[in-house]
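Scrolling down, you'll hit the structures one after another.
Shared between the two complexes below is chain A, which has chain B as its partner in the first and chain C in the second.
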Partner chain A sequence: MRHRLPELGSLLAVAVLLSVLPFTLSDYNISLVAQVGIFFVAVLGLNILTGYTGQISIGHGAFMAIGGYTTAVMSRDHDTNLVVTMLMAFAICFVVGLLVGLPALRLSGVYLALATFALAVSVPQLPLKWSKFLGGSGGVQSHRTVTHLWLYGAAWIASAILFALAWLILRGRIGRAFRAARDSEIAAVASGIELPIYKTLAFGISAAYAGVAGALFVMGTNGFAQPSEFGVFLSLQLLVGAAVAGLGSLWGILAGAAFVGLLPTVSGSVPVIGSAHGRNVVFGAAVILVMLLLPEGFAGLLTRLRRLARA
Partner chain B sequence: MALLSLDHARLRFGGIVALDDVSLEVADGSIVGLIGPNGAGKTTAFNAITRLYRLDSGDVVFDGRSLRRTRPSRVIRLGIARTFQNLELFPNLTVLENVLVGAHISTRLQREREQKRQALETLADVGIAEHAGRPASGLPYGTLKRVELARALASRPRMLLLDEPAGGLNHEEVDALVGLIRRLRDERKLTILLVEHHMRLVMQVCEHVHVLDFGRTIASGAPADVQRDPAVIQAYLGGEIAAA
Partner chain C sequence: MPVNRRKLGALLCALLATAAVASTAAASHRSTPGVTSKKVVIGGTFPLSEGPATGGASLYKTIPFAEQAYYAYVNAHGGVHHRKIDDIVLDDQYTPSETVQQTTKLVEQDHVFADVGSLGTAPNLSTWGYLNKHKVPQVLLATGDAYWGNCVHHACQGSTKPWTLGWQPDYPGEAKLYAKYILAHNKNAKIGVLYQNDAYGKNYLAGLKTGLGSHKNLIVDAEAYNAGDSAQVVGAHVFALKTHGADTFVIFATPGASIAALATLPAIGWSPVTLLNNVSANRIFMGLAAKNGAKLDGVISTTYVESQTVQANLPGMKLAKKIIHTYAPNLDQQFAAGDQNLVYGLAVGWTFVDALKHAGKNPTRKSLMHALRNMNEKNNPFIYPGMVVKTSKKRTFPMEQLIFIKWSGGNSGDWHHFGKVLNSGH
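What follows is the complex of A and B.
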């Protein structure tokens, strides 16, 4: 247990910090940090898939859309408790993830990335097709809206629960099977690992996480689910977040989530190039810089620092 | 009594006949060598036994049971574990984790701590316990070969398929390997089929040798007899020299 102390310590520190923060921040900043919490859930989910099983997805925005619309529609039509809609988003996206994971078994690498990209492009079009039920381009307005503080609490409590869940899943036999499938399919099969089961399972779990993030995301936009919010850029943001966090590790997720959750907002106010139009330039430059300096993301940086500390 | 047998196995890739009516038997508890020049079909035979390749005709029979309908991921559950010619490790996992993956089929209901204890024992058994916490990438080749061996043993197999276990090892390491293979067979009641180019190892450790050339069996028998077989000498030295 002793070698786990640094991890437990830093978890505790983050938890304490996050519970104190709302008392010191302005309402606007609370909403920003809540945004980080939402990305935390989504990036964590994507990392389970891409980082642990090596299946690249540029389509997780689509699962967020499904989760988000679940919340908006259930709230609009049945005034369902928003926490309950998060659970429903989790369950529905888990099933959808499994279904997407099945055909994905035949694809890998760039081809899988492209297939999931198609998902990111097409799913946000569905509300236009079924505009009666899904509100068309105008979107769906939830019956209830939440305060920034409520969202903050919901996002970070969900983050904590889902982080613990991910840790439990990944620490033992299942996590090793995921990583084994990523490192060598042939040896994984020879070791008796049923690749189809583990790869689709990872897809399901990962999509379920994205679904919860999507539900929170919609609550964060005043309960308004709109197709344009779930475009391809969102999917790419998640992938950037996972890469910045460090693929295949849980310990950099916070940094990855903060990076994609805050930077698009913060970069608008960078002097000279930052502006409403320049912010994507700043975001892009920051991504390139981080990838050059930290090829293994923040988790890789942490590993290196720990090795230095031990030496 | 044969634990494993190939029964008139045929397999072709396009125009190339990789296995041409190969039949071989591995007696329960024996150590059998599968040798032959490069491209003779040795690794192909391994891949056919472990169901990575599907035979065009013929059969693989293990413990009286045909593997024709067995999925590759089920082979290890029947008790057949293997190593790979060019190492198929999980480079981003630690040595210990590699062995734990090897025990995948038997650890569903086992506590993590117990799994780790057994994996460490297996590592100690093949003499690399001190590397347990290291990532599997970046260790010396000979050590990595042992990691693969430990991973295969972790499933507690009845039969071990070793693909060039002496590949890349120096003289001393080969001698140590001879002792290790014999000891593992005796202690763990294993049956071993090994592909090997290193003749000294084959002659020292195998009780029976099966020789392939261009996918066909050209000799099968005791090591000393096979070594003297003209067909084997010709296959290894080439037609011109033998004819001269």
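What follows is the complex of A and C.
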């Protein structure tokens, strides 16, 4: 247990910081940090899949869409408590994730990435198909809206719970199976690991996390779920977040979430001469820069720093 | 170990104390946000760049620049009650989640007095509840949906929305006029409608049906496209209308799709009577359609602002030209080419300044709303002569008049007004 102390210490520090922050920040900045919390959940989920089992997904925006629409529709039609809708988003996306994970068993690497890409493209089309139920391109407006502080609390409490859950899952038997599947499928099978079960399970858990993030995301847009919000770009953002955080480690996720949660907003005020697309340029440049300097993401940086400290 | 715990406790106490001091400091100066003795800070959100699925929304981006030019002109002439107007324009890419973020920033970071002129139905819907809850004026919106006027006294989505006000004539009212036009000219018309598959397009379609009344069955086909659909998809819908035997083509679209639709007509050898909604009838957009192969002569639409190209001699248009030239010279060419959104922006700026003048020497958000709800503008120099911008307790749509226009003069031609100023109201 002794070697875990620095990790526990930093966790505690982050927790204390996050619980004190709302008292010092302006309402607007609270909403920004809440945004980071939402991406924390999503990036965490994607990291379980991509980082720990080595299955690349460019389709997690689709699971966020499903989670988000779950919240919006339940709130619109039944005025359901928003926390309950988050749990439902978790459950529904878990099931959908398992179902998506089944065909994914036959695919790997680039082919799996392409299949999930198809998911990212097609799911936002569903509201257009069933526009009575899902509001068409105009979107669904949920019945309740929340304050920034409420969203902040919900996002970070969800983050804490899901982080603890991820840690528990990954440190034990399941986590070992995940990593084994990632490192060598043949070796994993040879050691008696049922690959199909663990690979679909990873998909389910990961999708469920994205669902919760989607539910929070919709609460963050004043309860407005709209198909164009959940396009391919969102999925790419999540993947960027996971890469910046560092795949296969839980310790850089905060940095990855802050990167994708804050950068588009912050860089919106950076003027790039002669272009209305300054924001996208800055975002792209930052991604390249971070990947050049930190090929293993922030988690890699932390490991390096620790090695330096020990040496 | 106990020492550490005590240290941690002390640290926490210190942090909490700082927080408490910070929050009381923030609460101590509570005057009207955005208003100082020298300035009134307002803001708005617009699609300055293209989002992932916005289909040409950034074609509207000249609107906020014209508004800023008008405020610069007013500021140079002494401002309003000696205050200068500072207009913060933020890019939301026509995407609701961005609108929410940018609007939150305007309200809570920049402390704007009011959200003025923000563009788009879905973007404004996404901040509708928030702004009303915080009693921030959300006014003179660049969208003609009926929500903005219908929910002042009646609850929509759970509450009334007294802090929201539109400006331009509402879409259903405009569509009703097209229905009347069709009935007056061809009682046996076979109408084919192309509409955007969202609240915007459906509002228009509903208005057309109401206008047709018992002649609703004249609509032989209504084709819905989705915002962001490619030109090919839009073209396929247009072709479907032709195959249904329509001889009158009604377009309720945003610029990207309307340009594609107009360009499709000659390509499929169809030359129906064409009616185009006002939002897509900007001369600039027509030019783009012509470049893509459209034949523009005879297309019919409506307008409510003056035209800088065919009414260049009106005092309003001379003033418009001067303001753009002085305060936004990089838009001179755009103005000369007939970008009606520039005139639109100037007209909205005029209305805001007018309301701000009437909101008193020390305006509050409440007094601004009061002024906006009791407008009677007969002399807005940028809107079509004879039209009024008027509100009252009962009248919640500021503009309810339109005039028909028809394109002539070939592809380098222009819109020409015909007929009288018509009432598009309820």
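FYI, the second predicted complex is superposed on the first by the 305 of 311 C-alpha atoms of A that agree within 3 Å, B and C clash if a C-alpha of one lies under 4 Å from a C-alpha of the other, contacts with A are read in each partner's own complex, and residues count from 1 in each chain.
One rule holds in what follows: a residue touches a chain if its C-beta (ideal position, glycine included) is under 8 Å from a C-beta of that chain, and two chains touch if they have at least 3 such contacts.
All figures in this text were calculated on a predicted structure; none of them were measured in a lab.
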Inset, instruction - After aligning the two structures on chain A, examine chain B and chain C and state clash or fit. - result: fit
Inset, instruction - Tell me which partner A:F163 touches in the superposition: chain B (first), chain C (second), both or neither. - result: neither
Inset, instruction - Identify which of chain B and chain C touches the larger number of residues of chain A. - result: C
Inset, instruction - In the overlay, answer first, second, both or neither for which of chain B and chain C A:G139 touches. - result: second
Inset, instruction - May I ask for the angle at the C-alpha centre of chain A between those of chain B and chain C, rounded to a multiple of 10 degrees? - result: 150
Inset, instruction - Figure out whether A:Y152 sits in contact with chain B (first) or chain C (second), or with both, or with neither. - result: neither
Inset, instruction - Considering only touches as defined above, state whether A:A180 meets chain B (first), chain C (second), both or neither. - result: first
Inset, instruction - Would you check which partner chain A:E194 touches, where first means chain B only, second means chain C only, and both and neither mean what they say? - result: first
Legend entry - Superposed arrangement (fit on chain A Cα atoms) - minimum chain B/chain C Cα distance in Å: 27
Inset, instruction - Return the residues of chain A at which the contacts from chain B and from chain C coincide. - result: none
Inset, instruction - Name, in rising order, each residue of chain A that touches chain B in their complex. - result: 171-173, 176-177, 179-180, 182-184, 186-195, 248
Legend entry - List of chain A residues in touch with chain C within their complex: 16, 20, 23-24, 26-29, 31, 35, 128, 131, 136-139, 141, 143, 145, 148, 217, 220-224, 226-229, 231-233, 265, 268, 276-277, 279-280
Inset, instruction - Report the residues of chain C in contact with chain A in the complex, numbered from low to high. - result: 12, 15-16, 18-20, 22-23, 26, 48-49, 51-54, 58, 61, 90-91, 95-97, 100-102, 104-105, 107-109, 121-122, 125-130, 133, 157-158, 196-200, 226-228
Inset, instruction - Spell out the part of chain B that touches chain A in their complex, as residue ranges. - result: 50, 52, 72-77, 81-82, 84, 88-93, 97, 100-102, 104-105, 107-108, 112, 115, 151, 155
